[in-house]
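Next come two complexes built around chain A: one with chain B, the other with chain C.
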Partner chain A sequence: MTGRVVLGLVVLGVAAAPLLGHQYYTTLMLPFFGYSLAVLGLNLLFGYTGLLSFGGALFVALGAYTAAYLTSVFGVLAFEGIVLAAAVVGFLVAIPVGLLCVRYVRIYFGMLTLAFGMLFYSFLFKFYHLTGGDEGLRVLRPRLFGLAFESLDKVQFLTGPFYYYSLALMVVGTAVMWRIARSPFGLCLRSIRENPGKAEYVGVSVRRYRFYAFLIAGVFGAVGGTLLAVPTGLADPLLAYWPHSGTLVFMMLLGGFSNFFGPILGAFVFIFLQDQVMSLTQYWRFVFGLILAIVVIFVPRGLMGFLDPRQRAGV
Partner chain B sequence: MATTRRQFLELVGGAAALATARLDTAPAFAQATPVRMGVLTIKSGIGAQVGEAGLRSAQWTTDRINKAGGILGRKLELVVEEESTPKDTVERFRKLALQNKVDVITGVISTGVSLAIGPVAEELKMLWISWDGTTQKGVEETMPNPRYSFRSTDNECEAVMASIVVAKNWKGKFRTVAGINPDYSYGRDNWQAFLWIMEKYGNPVTPVSDLWPKLGTTDFTAHVAALQQAKPDLIFSSHWAGDASVLMKQAHAAGLVGNTKFVFVVAGGVHETLKKSFTPEGMFLGYNTIYFDYADASPLQKQFVKEYNDRYKEWPVFECERAYLVTSAYKAAVEKAAKAIGGKWPTTDQVIDALEGLELESLGGKARYRKDHIPECNFYGGFTTYKNRFDFVTIDPVVKMTGPEVQKPSGVGLKDWIQSWKV
Partner chain C sequence: MPLLEATGLFHYYGAFRALNGVSLTIEEHQFVSIIGPNGAGKTTLVNVLTGLLRPSRGAVRFKGRDIVGLGPVRLARLGMARSFQLVNIFPRLTVAETIAVAVVSRLGRGGRLWSSLTDDAEIRDRVLEVASLFGLGDKTSHPAGALPQGDKKLLDVASAFALRPEVILLDEPTSGVSTGDKHAIMEVLVQAAKRIGIKAIIQVEHDMDIVFGYSDRIIALHEGQVLADTTPDGIRDDERVVATVLGKRTR
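Right after this comes the complex of A and B.
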């Protein structure tokens, strides 16, 4: 009950953020919504299934490029269509990639997902005529529920209608993921994480369930990518580059992969910490490396390990 | 609460002091608030050396402006943020505009990043004057009529200059060519411009190899082997960072230096790393918009070069000129606009109007902002020599070409422009 109240208050607080008048920090919440969806998907693979993917950026970039292609090449501006298309593209690409990757576990799975991510990065970088190469592709301002909001400038659009649209999408995505994680399917995934041999023995089709988890992560990553692309206005190959996959893993570890809300908290803290540290020092990557080392060594349960008393007690 | 006689006299005295203040020294707005200039520059990775040089120059220019009384009496202050990926740099740009509330944003080196920044500057109605980033896609402009974005010179200017000089000086002396350029739009633009200009000059060349190492590569073993295999008469490269000297070192070690002609269109940007021990004499070396050891340099350049070297024990590179141009152009535009409206502090739109067509002296000589918000600057290059007091190569004689000689006019495609030349 307390958890639900806290959750409700958090959502209300996030919904009220644009009213505080800090336009910049409101725009900074937009990548948070996108990353939240992406890391929720990634955590279904890692936190629930025990598969650490270093190819998360592949699906984020797929979503961003879907938005770019639809808006600037095909003239499709309906954001509902863009999100749906990104989900479908993420799903379709996840099928062959997932079929190959889930045959392996541990470092082999991680390396294979990394390889597919880099393959896509190379494709984006090299196929100039299709992808715009290093220059990327423009992502035009979308329409929300058929409305263009022409009277609003881009910042007003981002901090107004688009903000609430993204927030709603994130809340819905989180609710869907919550249901998945709490379903018998989610329980099977956890059993696979704990002991795949035993899971197989009691009738869980381990490879098939891993594959399903991979598909869901792909869809969440791609939808998150569309939310990232609109505020930037550009889809560029660096979205698919391996450090971006590392960023997603960092968010997950920072917030705590063993808690459902950990990756979301990790995304939030990462974005706002990066914003502050980047302004303070050019050695911000060093600072983040240090933070990662501290988290892994001293706080393996991430920030949620501190905040959640049950996790603190090791339950 | 009643006002006492003492308080009343203090108020009257204060008002009188304000009324009799000298108005010719600084207008009324010259009170406490400084002018805030946002700067976005690369601070890590392969471009950090260039980014740091630009930042040093921007600071030098700012100090110089402030020593001379600031801009219309207001001190100039830099707010520096890092240029990194397009996504992160867009967020830094928004932070400078919305949170730091700067008056103008300068900087940005990468065209990949500029392509994202340009539309955001227009959306935010934020004046952005780029150091080195363009909004070109390939060799063509994507923002022909921006309002708030002032870009850098076209990507291929240095290649145009190098190609013209090479075509004139080495005509008939090479037939097979190989390109080794960084694998992104800048490298591709330069290689394309070179081939078109060779064709225009009636210098038919046969490309025997075009290699595209990733920007920042430090192992050229495979590329150098491919060049050895191709045996070109001339090797053309537009590497501009530390990788240029690495390439030269490895080419030298592989025995490529000697019979092959080299054209490095912009490696003058890291000229101190091109040591005599491995860099040949007689290769073409482009320096972009400033040559640090130019005998006919202006007193301004000489002062800058001396002070820069005294302070950092290095010789300045082209990003210094870009940062100087942009910082001083903003000051000149504000003063020009203010003059037109009777000394008041101008609005952003008035500064933009003043910037269009503005002519000023930059470190590399006279510069001008065209109506399409692209500057025209002088470009420098020449053939390398060991006859100097340094342990790295310099050029002699120094070739200087003006902006209109190396940059396509507004609204004209690069190929059409080259085709229109009378050679």
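Right after this comes the complex of A and C.
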């Protein structure tokens, strides 16, 4: 009950942020929405199913390039269509990649997902005439529910209608993931994480369920990617570069993978911390490396471990 | 038609013949114990019968269907379950969730992404039924990993029972449990099997009190072969079994 109240207040606070806060911080919230969805998907694989993927960036980039292709090549500006198309693309790409990857577990799974990410990065980088190479592809301002908001300048559009659109999409995505996590399917995933051998003997098709989780994570990653691409106005190959996958994993560990909301908190803290630390020192990567080491050693349950000290059986 | 039928099973580990021509038939309403000294091939036999191992040679039929290499998931669906010698649970799932995994797969609801587990009354009722059959009714919200050893063992078996199988293979159901608790566990198990309607129980067991106390039939293995396959009284009177299996125990 208190959880619901806290959740409601948080969503209200985020919704009020553009009215109260500084415009700069409002624009910082935009990548947070996108990353939240991508990391929620990643955590279905890791926190629930026990598979650590380093291929998160692949799907985020797929979403961003879908947005770029649709807006600047095909002239499709309806953001609903873009999100839907990204979900479909993420799903379709996750089928062959997932079929291959879920045959393996642990480090082999991680390395294979990493390999597919690097493959896609090279493709984006080298096939200049298709992908724009290192320059990437432009993402034009999309229409939201058919509205172009031509009277608004770029920042007004992003901190106004697009902000609320992204927030709504994130809330819906989170609700969907919440239902999946609490479904019989979600329970089967957790049984696989705990003990795949035993899971098979109580009738859970381990490989098939891992594959389904991979598909869902792919869709969430791609949808998150569309939300990242619009504010920057660009889909560039760095989105698919492997350190970007590491960033997603960092967010997941920072927030705490053993709590449903950990990935969201992790994405939020990462983005704002990175912004602050980067403005203080050019050695921000050093600071972040230190933070990651501290999290892994001293707070393996992440920041959510502080906020919710109960050892949750629910995840 | 016999429930479970194995013919001419051979299994080699390199030059070692773990199974050297084992044939057996299990009918309905039997409680069968497999006994034998260490290295006799008991666990290999159970692993072959439950699809974990593919035999080097031989056939296993369950309800007339060839099940060699079928794999545990499809075996569970066909109606065969097993528990393991070492406790095999989901440490961070609760007792209720552990049993629910089996109930979900028994009901074929694992593919339901959009329904709420906790709101599913049928799943909840079946979980509670199985939990209380095993005396775990008041511990449903405990994490499995925090249970005492005896309860872990019961939970392991309970989750296999929750599949409502026709045949269940128990690999040393009372191993690692104090002597005083062994009979209590067996009582619970036999009662639960009756209530759930399990047609046959096959167990591997070292404790001869348990073996003679509960079995309708005993199969003695020795060096990968069936030494004797008869009633408990028949086993007691079999000099070869007494010499190779029982003798070592009573000395």
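Annotations for the structure displayed:
Just so we're on the same page, the second predicted complex is superposed on the first by the 309 of 315 C-alpha atoms of A that agree within 3 Å, B and C clash if a C-alpha of one lies under 4 Å from a C-alpha of the other, contacts with A are read in each partner's own complex, and residues count from 1 in each chain.
Following the convention adopted for this analysis, contacts are C-beta pairs under 8 Å (C-beta built on N, C-alpha and C of every residue); 3 or more make two chains touch, one makes a residue touch a chain.
A quick note: this is a predicted structure, and the numbers were derived from the prediction, not measured.
In the superposition on chain A, A:Q23 makes contact with chain B only, not with chain C.
With both structures placed on the common chain, the touch criterion links A:T2 to neither chain B nor chain C.
Touch counts on chain A: comparing chain C and chain B, the chain ahead is B.
Using the contact criterion defined above for the overlaid structures, shared-chain residue A:G136 touches chain B, although it does not reach chain C. Contacts of A:S151 after superposition on the shared chain: neither chain B nor chain C is touched.
Within the superposed three-chain model, A:D275 lies in touch with chain B and out of touch with chain C [touch as defined at top].
Legend: residue contacts after superposition of the two complexes on their common chain; A:P184 is shown touching chain C, with no touch to chain B.
In the complex of the two chains, the chain A residues touching chain B come out as 22-25, 27-28, 31, 125-126, 128, 132-136, 138, 153-155, 228, 231-234, 236, 238-239, 275, 278-279, 282, 284-285.
Touching chain C in their complex are the following residues of chain A: 179-180, 182-188, 190-191, 194-195, 197-206, 209, 311, 313. Of all residues in chain C, those touching chain A in their complex are 50, 71-73, 76-77, 81-82, 84, 88-94, 97-98, 100-102, 104-106, 109-118, 120, 123, 141, 143, 159-160, 162-163.
Per the touch definition, chain B reaches chain A in the complex via residues 43-44, 81-82, 85-88, 90-92, 94-95, 97-99, 111-112, 115-116, 119-120, 123-125, 137, 183-185, 188.
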